[in-house]
Structure formats: structure tokens, C-alpha cells
Amino acid sequence: MFNEVKSLNEECGVFGVWGAENANYLTYLGLHSLQHRGQEGAGIVTNDHGKLNSYRNLGLLTQVFYKPSLLNSLTGNAGVGHVRYSTAGGNRIENVQPPLFDFTDDQFALAHNGNLTNADTLKKDLEQKGDIFKSSSDSEVLLHLIRHSKQAIQIDKIKESLQQIKGGFAYLMLTKDSLILALDSHGFRPLSIGQLPNGGYVVASETCALDAVEAKFIRDVNPGELTIINDQGIHVDTWTDDTTMAICSMEYIYFARPDSNILGVNVHTARKQMGKILAREQPTDADIVVGVPNSSLSAASGYAEGSGLPYEMGLIKNQYMGREFIQPSQELREKAVRQKLAAVKGVVDGKKVVLVDDSIVRGTTCAFIVKLLKDAGAIEVHLRIASPPFKYPSFYGIDIQDRKELIAAHKSKEEMRQQFGADSLEFLSETGLIDAIGLKYDFPYNGLDLSYFNGDYPTPLYDYEKNLSQDF
Amino acid sequence: MFNEVKSLNEECGVFGVWGAENANYLTYLGLHSLQHRGQEGAGIVTNDHGKLNSYRNLGLLTQVFYKPSLLNSLTGNAGVGHVRYSTAGGNRIENVQPPLFDFTDDQFALAHNGNLTNADTLKKDLEQKGDIFKSSSDSEVLLHLIRHSKQAIQIDKIKESLQQIKGGFAYLMLTKDSLILALDSHGFRPLSIGQLPNGGYVVASETCALDAVEAKFIRDVNPGELTIINDQGIHVDTWTDDTTMAICSMEYIYFARPDSNILGVNVHTARKQMGKILAREQPTDADIVVGVPNSSLSAASGYAEGSGLPYEMGLIKNQYMGREFIQPSQELREKAVRQKLAAVKGVVDGKKVVLVDDSIVRGTTCAFIVKLLKDAGAIEVHLRIASPPFKYPSFYGIDIQDRKELIAAHKSKEEMRQQFGADSLEFLSETGLIDAIGLKYDFPYNGLDLSYFNGDYPTPLYDYEKNLSQDF
Amino acid sequence: MFNEVKSLNEECGVFGVWGAENANYLTYLGLHSLQHRGQEGAGIVTNDHGKLNSYRNLGLLTQVFYKPSLLNSLTGNAGVGHVRYSTAGGNRIENVQPPLFDFTDDQFALAHNGNLTNADTLKKDLEQKGDIFKSSSDSEVLLHLIRHSKQAIQIDKIKESLQQIKGGFAYLMLTKDSLILALDSHGFRPLSIGQLPNGGYVVASETCALDAVEAKFIRDVNPGELTIINDQGIHVDTWTDDTTMAICSMEYIYFARPDSNILGVNVHTARKQMGKILAREQPTDADIVVGVPNSSLSAASGYAEGSGLPYEMGLIKNQYMGREFIQPSQELREKAVRQKLAAVKGVVDGKKVVLVDDSIVRGTTCAFIVKLLKDAGAIEVHLRIASPPFKYPSFYGIDIQDRKELIAAHKSKEEMRQQFGADSLEFLSETGLIDAIGLKYDFPYNGLDLSYFNGDYPTPLYDYEKNLSQDF
Amino acid sequence: MFNEVKSLNEECGVFGVWGAENANYLTYLGLHSLQHRGQEGAGIVTNDHGKLNSYRNLGLLTQVFYKPSLLNSLTGNAGVGHVRYSTAGGNRIENVQPPLFDFTDDQFALAHNGNLTNADTLKKDLEQKGDIFKSSSDSEVLLHLIRHSKQAIQIDKIKESLQQIKGGFAYLMLTKDSLILALDSHGFRPLSIGQLPNGGYVVASETCALDAVEAKFIRDVNPGELTIINDQGIHVDTWTDDTTMAICSMEYIYFARPDSNILGVNVHTARKQMGKILAREQPTDADIVVGVPNSSLSAASGYAEGSGLPYEMGLIKNQYMGREFIQPSQELREKAVRQKLAAVKGVVDGKKVVLVDDSIVRGTTCAFIVKLLKDAGAIEVHLRIASPPFKYPSFYGIDIQDRKELIAAHKSKEEMRQQFGADSLEFLSETGLIDAIGLKYDFPYNGLDLSYFNGDYPTPLYDYEKNLSQDF
């Protein structure tokens, strides 16, 4: 939720609904509560008695739907929506989801959160057959596989296709008569199902979106699950039984909204626990604990509770900061950066500060924040990171695919401390992280994907093997 | 150019450039002068040393490129652009052109003016093979055919593909190393080539776009032509030799800008000539001649010159009218319509008026304009149409595909006169139209497609046969 | 109406209504048809049972009222509105009219078209008494005088105040119970009264605005008139009897919309007559007559009729040109200017052209247009101006207050011809202009203010004497 | 900072600078950090070698200055700026500050934070003399008094004028040669002076704006102070010696940014202390402490620290909520409200919650928030308010001028508790508040204005006496 500063980005949020008047508005509300998962583009497709209508564009949800008529034109009782973070080439409108495909005799819409690890290989194969892709994203590969499948009925086509793709994915598919959801075999991306007061179903990347439409949480979607929701109700199936839970640990650490629960664990509570365990693992002789707003506040309050030190608001984020802020000349640029975040002099002046951050990715803002605090009078700044060093790229749905960008991949802890100007620097341990989240699955890490920290990827990496092996 | 009132729409304008710095800005200028051909969406793709970049969105060109950075990001020495009129479902962003296709090892962009008559059949065939279309428009069919072609080299793939499509088309294709242009075998849509002062080439739907970038007109593209422009120069080829000229007569009558030349004939001059011949064919006992602004002013001045009656500004168009005009309650709606067009009381009061309009399509505004003039004091209004009765739909690139919408298809001249409240109503004859334009080709109508007026379609209609045969 | 090119600007248009539901929307419609008189700011004040409400802002009317709620909030049965051209310092919001003044026990709104010649002197006097002006425009001086008046009743206060101000003015005043209109003693600015079908009254700068709301023209306001409209009806009074008609001749020549009538003379007809007489006075050996769109088309058609030469569309204006057009680098700027106006090659190539323009003020675009035509192949361009040389600044409501800007004030006809690159240059004579308009008043020039051409100002110039006498 | 929910509003923030290049951009940065003090309008006036330039409009600062050219046009080395909250009639552009007054021989700009208590009386007197006010706000009264002053020199005129006005005010005045600041005799509104690295001076409503431009805090402005900053330096004077410190206690409780210091007391620290003392005064048998984001988070963390209960993030504010959020039909409206604020189920479910809010004004959102928590599973909600009951309106610069709107003015504590659905409701005591802030002045309340809570107004109320005495 602090992406302007950290610049680590989820690739998207998805929301679906079946069986509700105002499907357009419910999807709008659901996406609005998922906006932190993607701010570059948004779109909605609705199903009005078998006819699919869509609208999408670049920008925040409220910018895309800047006038009510755009939303009102999306009539119907079912819908899927998507908010998107876009990587390089981000102003390509064709990459905004959900795409709506018009066949001469059918329609199909698709919303995808995640990243496929064998998309390039599949694309090349499909292009050999004459297929043409409409976007540079890999999301539509699934549809191409479905259309080429020789299976007789659609659900078997989908199963066969899912079995060919690798990586992390949570798919919502809207057809003329169903809302279909599918999750990868490791459950890398979160996906939850809820029920509306009227009996209709909703599906969303995070439970905060269920709350936003006042739906009751039913359950999290399981790895390998393929579920169909239509007017006959909800039909749970699987596309594979070879599953192992390995949910993205960064969802708990950084991405998800604090009010969401993932696999039954509240995100705020997990973060607070990370801070508490970090305080036990890495105690500090200091006066106050300060968190980097907004994503690290939970961990910081946990550190304070764990250490017995007072939790203080030593940094404040300007809530009016936006893209329309005028960028001045180069010499005034640092002043503009200071508009995003301010140190609270009256709090930190003359103090030894424990500065809690949730994670360090590129490390570009750490030095800036330490300097902010010291300029404001802090006599010592002890940086405590509520997760282990982030050393390995991600290929399941986060836009860090290059080790070169990861500071912890090529600098020692002492080198980082010096670069940041901090008086000390310590990280949460892997076991501390596992304990803080407290999942109970069996896999080596209790159901977590910790590959960011230890390089132990739950799956082969296919097209991305080269990214890992390269020197830097 | 008066589409708000007549609601007859060209489906687009295309522009391409090869070998010029500022290809982005030249394309912007060219498209701006073609804006009258489509106001619903605009886009540009440029080629920067083999890397294609694109931006497109819904709206007028200046709305799409609402900040310079969007245009500046399109670097390179070549480009293609498109302005689009969109029919029903018009807010579908995926239909805005030119689409840029990213293959794993190639890129390809396509700008299309026209309409294919066998697109549905081809689409169904291709979908059988697993192909997926990214838009509801038929423009991308060509690319699918190209990708499926078994020919060895690209130009042969394109030829083979062009041989499979039917209807009206002017294509601009931008690849990593070439700008390729292709015209249908009847030359339904206009397309001209020009040369920049620096030697680079430009291609455009109308010559006014060549003027806009100060390019020198070289020649019109011929039916059946397939031409490649790249760093080696311009290479003219054909994809068929079975060609007959049958250019859309409505380009001369209504669509094209008066300053454009089509096949060597200036549009204003042709329109003036239509008015002159109409005056000879259908003289009127009246005091003044008035044209409907802006598209009928040339014909009206011709009628005046031909008849010896004074040409007067009896109607005036409000140049500040736009979509953002607030639509009032139903009871005030007629007042809003009157904002678009006003009668000049001081001119028409007490006068017998010859009202010249270029054409009658749906007929919805004729009654309104006649009433405007009579409310302003005109004692007689004689409606003179500078083209024959528009009775047959178009399938080569104009959005009138249903006879039911065409008033002349189901009402007699006298019925129309009564409905419009005019004192008399006469049309230009077919031979008058042919003479006015003055092309010298051999085909029954000297190189013109007059199917709108006589139903004599130059080609079989394929998927559209049913549209013609239906009762109404 | 061609201000982007000529850059000669009216200072505003005013509209008022009393006794009509939807006063807000009627004022909006009226102002929309007066938009050509000012594009920099717009505003409306309405009277809802004695309570005045206002909204105004910078921009075109449709930009100011960019959402219906802004207009809808202006409830009531009466209103005044204003569109404004703003001179230097134009983005000063306080200068946008109509200002609404809130007194502790009263409200008063004021819309002003014109310019006072003794405003500075009056302001200085009033400032001596402690008065503070809210804008740099001189419009509010009248209100200050009214508030200082010792007269017992308001109408006498207004009369006394009007007697102190000099120059050109058409005022609309909206109070809690009346709409009051006042015109200067020479009738410099046009102002007309109409009646709505329901009996309510409207007042507007031009009769085109009466037409826009379907009001019936009643009469033009007379010089020295002070008229009160309220629920008791219309009460005509005068604030002076020492009046002489001297209406601004530039209204006929350039400013007013062709469909407006001023003092009973239709503007288009007057312009056409100017062209006809010019043809007689200054015949030319040429092939065609071309007018500069849009303001000179009437004169050009008159010249054609008078000379027997064909009237042709040799220049075309791009109707999609707007401020949002991206301004390119300096080297491409001329290309951008060419987007505004294009020569019609097919018409002018190889021709001797009579180019008719309504007037020459700064002369900055004449050379550009002559070059456009010659680049398009015209072999001779004979410039014919349908008004006399514009040599003297205006102080009654047009923003030319400095002789230095007027090319005819410091260059001979031959010098101008050379600068423009024309083959000949001739102007309409003063008597030709008087005859063309055809007013029947007695004053030296039959009721016209011709001071722009002959320096014979109908009044003393007060604060502006210095502008005239300065060397240049 | 949570005004969408509480709807209690500061009337503005002011910022001034003298002696700095980029005065425009520094003022922009300063105002941006004061945006929480007013979101309805913004403006800047700069002084470029004695010439004053201004721009202002309705909206947020970044909306007003939506393109760099608007800011860049405000050249000069000095400036004043204003952000404004506007009460009823808020879309009146004339009320946006700072107004720039153009005299025939002078210019003067004025930015005002506060509210005068005798403005109506003064206005009526001045109107008797013929004065006209340009806005419905009372800010310009001061200038009128200055212009009427018979004193010989400007600073004496200003002193004489300040002596006539009553109430709360912090004025920044920009003249051709000086930046002048004045504070009322009780220091109701905060105002601080800082110094830029280059030696220039800045003045701002809050110290966070000094930090935003990297200015060093020098000192707070004293009650009765009248200080002139110009190229000769800073000259401190007073307009009255009859002063008593009575700073607005709501600045500490609610308005100011946590990183600001007021009279040497950090706002966050004061709020935390309020929570701590409240915990001591009103202990609760509960499981967790939750604050209403964002304004009550400091107090809540203080309550947690004081009580030993864990501080939890039980409520979360959606940071993407904005005005452009589409308002749905009435039946869906509650869903839209829930988008602003969400309860964290995973945190509050099954818990006894202490809900800390900074204050209760109208009480409209309390019931909503209690319900949110209970819907999320909280078994008890104990509402603790970190300030005393707000019973009396404010007349020194906050927009609560009517006792009827204040729930604590006409309901008992038990009535409020029932209305809110809370399990208990307690307030901080007056002495607790005084101790928490910890000022050391002598006046009954150690330098604080506590009139909101006890009706003990530090001054006579003049025109507002009637507001207090009215029955309700």
C-alpha cells in the first residue's frame, strides 16, 4: 500500500460475482477495496442474460469509471473485474483486463492474477499453429489452449488447458452461463469465496473485498481447485490432485490489506506478530519504535509491544499526494519527495529510534528515510526489517524478476547498513516469519512460499531458469 | 463533416509515414486533418529501429493524446495511425486501431479503412482452427490469414491472404522493417501516396493529410495494389490483376474534405458541379439558394451559379457545439438541437428558398431544417438534393447496412416531401452525378460505385446477401 | 468568429431573462449562441424569489458548466449571464462576470459589455473615499457609484451613476426584484429585447441569442435607455436624452454572428453588400473569389456576385482545431499553424485569386494566407479587404487600445502589400461601408462609429487621450 | 484529517515566503502540506519585483494547479498562499483566497485564517460609507478598514484597523514591498516563522509546512504581533499589548498534522498523552484498543500504553476514496459509506474493544463505526473520547457556529451512548486535557481556549451573541 516509495508491486486483484442485481456496482465496490493491488488499469465485464458487456481503460478505478454512465451500461446479474499493476510498456491498453473475447458464436472474459512460468514456450508453440496474441501479458494463453483443446465439453477443455500451464495463477472466467474460478496447484495467489445476503456468490483476491460488498466469507479456494458457479449453484471440482500449499509470503508481509484474512490468518495480526518476534530476536537499546507508513505500522506496533518500548508516530505520510503533483525542476526534486513522507521532529528529536520496515527490496528509500529521521534530530536509527533479506526474484506474480534489482542479493548486511546510514540493521529470521504467520501445512515451510528469501522455489522455473542463473 | 446532424459515418481514416524524423508528430498532424472521417477513437504505432510502440484510446485525437508525453513516447522514423468511427458497442477499447500485435519474435501493426464482406465466414473458419479474435471489428482477419499462410516469404503470405478477403479495404501495415499498403480490387476506399521534402513517404486516406504535413502528392493507389515502402525505397507490386475501378461515390458527395483530391478530382469542385448540374436538371422559381452547413455549401454555391440565383448564408452552424453541451430535460431538448443549427431570419424572411443538401440518408433532420427556415419566415422551401435517392445499404466501409434505415428505400419522393414539409423535392440524376465527378474509367459508371443509388453492387455480397434480401 | 487567426476580440456578450422557468437553462442556451463574443470565461447569476445564486469560472461555457449540477444549482425565474474575452492577465478569475455582490442586506449582480473611457479617473476618485475594487476590469465602477449616490430611490441612484460614466456600455443588472438594462448614449454596443412564448422577457447582445431561446424579437435598445423589467412588466425610461446613434461598425464587419440583426440590418446581408460594393469599387482581373473562413465568407460571396467571378472554397478551416492541440517543437510550429487553415489545391492551382478578408488589424496572418494560396498553385493573389484601413484604436469595448499594433496605422498600402506578398491590395471605402450597412440615422456616418478608420471619435476620450497622442 | 467522516472543518491554512527564488514552488509545497486544513479552494499570489500576480480556483491544490504553466506564471521572490475549507455557498469562486486587490496605484493581497466576531457590524458600517465587499467571507473587512484609515503611514493604518476587528485571525498580507503578518490578541490560530537555508523567511499555519520547504523553525508568532518582512529583514512590532494566550485546543485535539509543533508542543505527543490520561481517568475492562483512523491513532496508542492493553489496527481507511467515487442508488449508499472505513474482522472478532475517538461533534458517524465493529464480531465496544464533551460552538475560525448541530449540547452522556449503540461512553476531563497538552501560560486554562467544552469564551462574542443565546 506504499508502492510509491517501495515500488514493489502486486500484479493485480480480481473480483467476480454471480447472481446479484447491481453486479456492476458490486464489482466496482469490490475492485475499489482491491485498488492497492494495482493502480494502472481497471475493467469490468458483466453478463446480462448471456450477453457480455465490457469496459476497461488505463488509470485508477475511479478514473476509468469517471462517469456513472460507463458503469451503468454494464448491465446484468454477474460480472468479473480486475485492477492491474502494469510493468514496462504499461500504457498499453490491450493489457488492461479483463479482456472480452467475441467469437462468432460465443463470448468469454478472463481475469488473471499471477504469472505463468512457461508462457513464452506455450506462446511460441501456439504461434506455430497460427495463433495471434492480443496482448503482451501472458494472461490469454489459457484461452488459446482452451480453444485448441480436443476435449468434448468445455470444463474438460479448461482442465486440459490448466494442466499445461505452470506458475502462479488465480483465474476468474466469465462465460455466457457461468463464472469459473481456478487456482494453481500451490495456491501461490490468494482467492476467497463469499456469499451475498441474497444467496449470490462473490470471489475475490482478498477477503476485504467480500466485506466491502457485505458478503459472508465461506472459504478460501484450494490449490488445484476448478469451481463453476452458475444458476444451478456452486460446483466444486479440481483440475489436479497433485497439490501442495505454498502461498506467497509477501502477501502477509506487504501486499494484502491489513483487514484481509488469508487462509484464516489476519494480515494485520500476522504483521504485528512479525514485529513482536523480531523484537525478541533483535532487541535494541533505544527510546522509541517508529514504523514506515502505512505498510509497516502493524509490524512496528508489534515490535513496540514485544520490546516494551513506546510506539510513536515518527513518520507521517501525506494523504493528498498524487500523480498530479507538479514535478519541479531537478534541483527542487528532493523537496517533492519530502512531500510524500515527513519525519515528526517533535517525536524523534534527541531520540534513539528503532525504525521498523516490512521488507527491503531495492533499498532505494531506506537511505532517504534514515536521513529524514536524522535530519529531524534522531541520534540513532536502528533499522529492523520484519522479514528476512529479499534475495531472490519472484516468478509467480510479483514484478521483481531480476536479481540485479535486489539489494540483498549482492550486498552484505553491513554494506547495506552503511549505504542506508543506519546505526544497525537486522532482519527477521525465516523461522520467525513462519512462526509469526502460523500456518499449519506440512510442506517445508508450513505452507508458505519463502523463495524470495531462500531461493527454494516450490516448482521448476521453466522459461525463467535463465533469470536465476545469470551472473550479476 | 456534419455528422452530428446527418449521422452517416465513414468508418475511418488512415495515415502512414516512412523515413521521417518526428514520425509521431507527422502522423498526429495527418490524423488531425482526417478527424472528420472518425471521431470515436484514435491511435498511433511508430517504428523505432525495428521496435514498435503504440498508444490508442477512445475519443478525438486531441483527447486521446491529451498530454505531449503520450505522443513523445512514440519514438521512431515510421508510423501508422488511425481515426475511427465506431458503430454500436462503440466504447469497446479493443476496437480502436491500429492494433499492435506482439509475437514472441515479431511485431505487426495494422490500420484498416473499409469493410470486409466475407469476414464472418472467414472468422468462423479460423475459429475452427483455434484462432481467437481480439476485437469485434473485422480488421484483424487479414493478420490471421497471413499467420496461417504456408507461403515461404512474408509478401507472398500477404498476397495469398488478400486474395481470400472480399469487400472494401485500404490497409496500412507496419512491420519491423516496412510500411506496406494494400487496396481492394475495386478501389472502393481512397488512398494516396505523397513524398516529404526529405524524401520520406506518406500514405493517407485523403490528400488533405498530405498537405497537412507538406508532402507532395505522388499518385493515388491503384485497385489491387500491394506496395512496400522501406529503407530501400518504394516497391510497387499487386496482389491481383483482376481489378475494376469503382470508387465510393459518397466520398465525393459527403465524406471527403473539400480540399482533398480523389483520383485527380477536387472534392469541392465535384460538389459544386453536382449543384450546377442539379440546377440545370431541376430549376426552381425561387429567390435565394441556401446550403446546409458545412457539407452542402459547395453544392449550394454550384446551384446558385448554375441557376443565377443569389447564394446566401441562410443557415449557420454553431462552431462551439460539442458533446459536453448539457442535455436538458426532455421538454427543452428541441431547444438544444436548435443550438447546432440556426436559420438566418434576416436572410430568409419573406423569401422563396432553394435548400440544397448533399444527400438524404435517414431523413431525420430534413423536417427539422425545413421547419427552421419556415419559422424564420421563408415562404417556400424547395429541397434540392445534390445526389440521387439513397436506397441501398453499403457494405464496403460505411455504417449503413440496413435498408430499413434508408428513407428513400421505403418512401416515394412525394411521401418524403410531405414528411419534410418542403414545397418541392428533387434529386440529382445518376448521369448528372457521373458527369459532375467526371471520372474517365470504363466500367458502367465511369469508375464510380453507385450501388447506394441503384443497387448495382460491383461485387458479390457474401455474408451480407441476407441484409439486402430481407423484407422491411 | 475566427479569433484564433485574427486575434481581434470583442470584450463580451451578455444575456438576461426575467419571468421564465428554467432561467438557468435559457441563459445557458443564450450564452452558448454568444460564445463567439468571448471564450475566456463565463458565468450565470439567477434570482430565485429574491435570493441570487451564481457560478462562474474561466473557460468556454461548456467547460465552466462541465457538469449539470453546476447549472441545476442556479434555480429561479430570472437570470443574467456573461461570456468574456479577457485581455492580458486573463487568468484572473475575479474578472469573470457577472460578479455577484453580497451586501449585508441586499444582493446585486452585473453583466457588462463595453469599455468605460473615464474608469481610471472614477476609480481613483472612489479609492480616495476608501473604495476597493474587486477586479482589474472597470465593470464594477458603476456599482460603486450607485452605492455612493445620495438619491433616495434606487432607479435615481442608477441614473445619477450612469450620468457619471463615459464610453461604451451595455449593462444588465440583476437585483432582488428586477432585471435592469442600460445602454450608453451612443449605442456603441448592440442590445436587443425579445419576448418568450410564455410572456417573459429576454435581453441579449445579439438577436441570435433571442432565436436560440425561441424568443420573439421586440426591439433594439436605444441609446440612453434605462429599462426595468420585473413582475409588473417592462418599464422603459432613459438616463439621458442627449443621445446620438454611433453603433460600432466592427460589429457588422467582423464580430457579430451572421444570423444576427443589428438595428434591423442582417449582419450576413450587410457583409455580402460590403463585398458587392468592394467589387464595384475595386474590380479585379481574376479567375475566382475566395474568402477567409469563416468571418469573410459573406463578403466574398458578395464580391463574387458583384464581380461575376465564381465564388469558390479555396480555403478550408479545420473544425477540430482546439487549444488542446499539441504544440510541437519550434521547427514544427508552422506545420501546426497549417492545421488551422488549408488551401484547396484543386481549386486554386493555376488560378488568379481574389482573396477577400473582412478587415486587417495586426496583419499577422495575411502573409501566411497569401503564402498558403501561392504554395497551392495560385498564380496571382489579389487581396481585397471589405472594410477601410483600420488605423485607430478602439476604446468602447474592443481590445485594440494601442496604435502600435495596427499595421495600417504605420504602413502604407504598398508597404502592406509587399509585406503580405500579395499581387494587389485594396480596401472598401468609408462611403462604401456606410452604403453597405445602410443605416438611416443622421449623424455624420448615418449612425455608425467609424473611428477605427477615420479617428473621428464620437465622444471625448478622457483617460485614453494619451493612447492616441503617443508617438509610435 | 478525517473530515469526510467527521465533517468538522478548519477554515484554512496560510503560507508565506519572502526572499527566495522559486517562491511559487515553495508556496505550492507549503500549501500541499497544509492541505488537511482546507480542500475546497486554493490560491497563490507572488510578488515579482513589486508586481503581484495571482491564480486561485476551487478544488484541491493539485486540481487548481493542474498544469505547471499555471504555477510557472507566478514569478517572483515572495508569495502568499491559502487553502480553504468553504462552508455553505462553497462554490463561490470569489471566496477563494488570497484575493489580490488592484488599486490604480497599488496592489495588495491577503490570506486569512480565522473568523471575525464583529465582521457583520463592521461591514454594515462600511457599507454605509459606500463600501462594497467582493466576497461573502469576512476576510476583506481588514483591507477596507486600512483603506479608510486616516493614519499617515501604512503600518499605522494597519495597526488602527487591527484594533477595530475582533475574533480570531492570522493574517498574511503581501504588498509591493513587504510580507506582513498579524495575529489576534489571543493567538487563537497558530502561526509560525521559519528561515530558509538561503536566509529567506517563511510563515505558515503549521510547522509541518516549514519542514516541507526545509526551513528551520525560528519561533511561533505571539498574540498581538504585527511583523513586517522585507528586503531589509524582519521587523517585529505589535498592534496591541493587551494580549492573553488562548490557543484553540481543537488544533491539538483534531486539526493539526501530528508532525506539527504548536507553541513548542508536538501534536502527536499531545494526542498520545490525551489517550494516556484518558486511560488513567477512564480505565476499561477490555481486550484491545482501536483508534478511528487517521486522526485518533495517536490518542489510541496512548490509551493502549496507559492501560497496558494491546493497540490494534481494528479499523482501516481506504486511501483511494475520493470525490469521484460513483454514488450509487439510495439502496446501495450504505455500501458506499463502508468503502471509506472497514473493520478488521480478524482483529476485533470476539473481542471487547476500547474504541478511541478524538472528539464527538455532530455524532453522525459514531453509531456507524460502533456498528461496523459489532458487525465484525466485537462483543463489546467501549467508546472513549480523548477530549471533553463538545458543547459550545466556535466563532474564532471553525465552522461550527450553531449549538443545534452539537450532539453533546442537547443529549446526556447516557443518551449519546444509547444512540451510538456503545457499551459505555466516557470523555477526557478538562484538567486531563490541560495536562496532556502541558502549556505553561497563566490564563485560567494554561493558555488554551476551552470554550468548546465549557462555554468560557476568552472574548465577548459581538455579532455572535445571538447564536449562543438562542433556544434549541
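Which chain is which? They are A, B, C and D, in the order written, and residues in each are numbered from 1.
The rule we apply is simple: contacts are C-beta pairs under 8 Å (C-beta built on N, C-alpha and C of every residue); 3 or more make two chains touch, one makes a residue touch a chain.
Since we're looking at a predicted model, the values are computed, not measured.
Taking the mean Cα position of each chain as its centre, B sits at the greatest distance from chain D.
Note on chain placement: the centre of chain A and the centre of chain B lie 46 Å apart, centres being C-alpha means.
For the pair chain B and chain D, the distance between C-alpha centroids works out to 59 Å.
Between chain A and chain D, the centres computed from C-alpha atoms are 37 Å apart.
Shared contact sites, meaning residues of chain C that touch two or more other chains, are absent. The touch graph of the protein chains shown is a ring with every node of degree two. Of all possible chain pairings, those that touch are A-B, A-D, B-C, C-D. By the touch criterion given at the top, residues 54-58, 70, 73, 91-94, 96, 99-105, 120, 123-124, 127, 129-136, 140, 143-144, 147-148 of chain B touch chain A in their complex.
Of all residues in chain C, those touching chain B in their complex are 1, 22, 25, 28-29, 32-33, 35-36, 60-63, 65-66, 68, 71, 207-208, 211-214, 257-261, 265-269, 272, 294, 297-298, 301, 305, 310-313, 316, 318-320, 322, 324-326, 328, 332, 335-336, 338-339, 342-347, 376.
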